[in-house]
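Heads up, the next two complexes both have subunit A, just with different partners, subunit B and then subunit C.
Take a look at the complex of A and B:
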């Protein structure tokens, strides 16, 4: 208990003794962290060709392959989609992309026009019930990438933080405080 | 200097770095160490219908499938997603691919799949976007998507060619009675 008390008072003292010069320095440090995270993300986008190279599974429609909370890595190549591949697609007017398997492909000759039908491994019906009204096929423009790798459980953190926004703000607050009070 | 927070921070950073390295190495064994020798064959057992649908021709086919995929399993394999797919070329589309049957295999001991006259599985259909299935040659392909516990996925397949749809439309007197296999262990209506 004493240890925690002294910890808090340490942080408080550090905060109280901040002068304008070290405040600026810490601010710059924070900016550096944020921008380098942004650089890493944008570089990933550049090299994977996918607008969101890392996604978290939010539903059980691909169980037992992918569970809620798994992290998936996407790659968007110029190769056309073929059946059996797991693709991530975004429907017009929807916020959340869907990760399902291509089960039917019709590709026209030169124009490269492609019609794709998808289905979740754990669903008994194909995805026409999910598509927008009147939509029968996915096209090239809907596809955001193919799943090339997975990392189980780790995405659970983001799911918890999204389910409990207060926890998210608390975490950001605490981390922010540490950035400002740490002296390195 | 060496407050508990610093120690905790470096422990966490170091721990996750080691864990990430182990994950990458584990996935690498699938590609560098693991050798597989799958034995696969598939052929049409009976084409039960070729007919006109509202948007193009459709066909109904049962297949004979024999696939021994047990050697594909490694210590990092969570499951194999096995699918049988028919592919053909029509005037409208130079590539048509339609999955007609799938299975999820989570157990190495059950990775030798043998089916005679395997009926098409619900909700898969074999169809074209034009009226050109009659007399068209087609291939049958068995694909298995190897899904790991951690790391990279990969897909392998074997194709068999030399098959042809019948040259005339035909269907059984009561097409509604065409035998269809319900997918096992799935909850109907559970979407997303």
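Take a look at the complex of A and C:
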């Protein structure tokens, strides 16, 4: 405990004697580290064509294919959605996307406008009970992407962090401490 | 004879007390096990010594670094906080990503390439030829600190360097003996200046 206290006080003393220029240099360094992660995410968005290329499965509606806590990789191409494909879609007014299978597809016209009906593999009814009032079909604009890959179990971390937000702050605090104390 | 001896003894004692008081006022204490902190402390004290020898610091590269870092971070912030959502904003996203990559490219290759391991650049001093580039290196787990003074335009051409063990500058509790370091840095600066005069 004393060692930690003296470590923190040493770092504080070192920081307190810094001038504006050093603070700016260290601050922009930290900013670059944080923004590099952000830019990697944005590049993924651009490459996959999906607004959220990596999602975590939150419910058991696609068992036994996907379990709660699996990570899914999405890709959106301009090819039309076909039945049997597993898609992740957003409904208006809801901020959590849903991952289910397309079971019916109707093409409206040659322009590629299609109507899609989805259903979770583990559900007994199709998703019309989930859609908004009066909505019977999904359109292409609702689709966030097709599932092209899966990483089992790893998403549990995200679920735990979301259920216990204090853990999230603790994690960020520890990471910040590491960045500040390992200044080489 | 006796009179001479008596008059020489008190001034010595007074000087010793003055030196130690100054040292404790500006003493920096470093963890001796942390090599990076030792090097940082030596670099900072050496910078102060160069400034007090009459040189002015040239902060253009440091300003470049800060400026480009801020621009690069601004690209990322713009990409994150722009009010339109994907896929409407894909042009802006592409521009921001490319801008960010260009910014980091400039930072890593150009700015860091110009800076290298130097920790200080100075402007031209009155009457003398060149801007200085002061760099230092200290290997991991090694006690040897090498400081090199060279011309900032052509660092490979002439340079003077000194290689000392850090044990010369730090005592066993980790306190830096600034006066000792300042003396060494001043001597190195004089070596450089006399070398320039010869050419």
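We adopt the following convention: the second predicted complex is superposed on the first by the 158 of 184 C-alpha atoms of A that agree within 3 Å, B and C clash if a C-alpha of one lies under 4 Å from a C-alpha of the other, contacts with A are read in each partner's own complex, and residues count from 1 in each chain.
Here is the rule we use: contacts are C-beta pairs under 8 Å (C-beta built on N, C-alpha and C of every residue); 3 or more make two chains touch, one makes a residue touch a chain.
As the structure is a prediction and not an experimental result, all values here were calculated from the model.
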Clash or fit (per the criteria above) of subunit B with subunit C on subunit A: fit
Comparing the two partners subunit B and subunit C, which touches a greater set of residues in subunit A: B
Contacts of A:49 with subunit B and subunit C, given as first, second, both or neither: second
Subunit B versus subunit C as contact partner of A:23, first or second or both or neither: neither
Vertex subunit A; arms to subunit B and subunit C (CA centroids, nearest 10 degrees): 150
Which of subunit B and subunit C A:109 touches, first, second, both or neither: first
Touched partner set for A:129, first subunit B, second subunit C, both or neither: first
Which superposed partner A:36 touches (first subunit B, second subunit C, both, neither): second
Touched partner set for A:150, first subunit B, second subunit C, both or neither: first
Touched partner set for A:174, first subunit B, second subunit C, both or neither: neither
Lowest inter-chain C-alpha distance for subunit C and subunit B in the superposed arrangement, angstrom: 6
Shared subunit A contacts, counted only where both subunit B and subunit C touch the same residue: 10
Subunit A - residues contacting subunit B, complex: 3, 7, 10, 59-61, 64-65, 82-86, 98, 101, 103-109, 115, 119-126, 129-130, 147-152, 178
Subunit C-facing residues of subunit A, complex: 10, 21, 24-25, 28-29, 31-32, 35-36, 38-39, 42-43, 45-46, 49, 51, 183-184
Complex contact set, residues of subunit B against subunit A: 3-5, 23, 27, 78-79, 81, 83, 85, 92-99, 102, 104, 106, 122-125, 127-129, 143, 145, 147-153, 155, 157, 183, 186-192
Of subunit C, residues touching subunit A in the complex: 31, 36, 59, 62, 65-66, 69-70, 72-73, 76-77, 79-80, 85-87, 90, 93-94, 96-97, 100-101, 104, 107
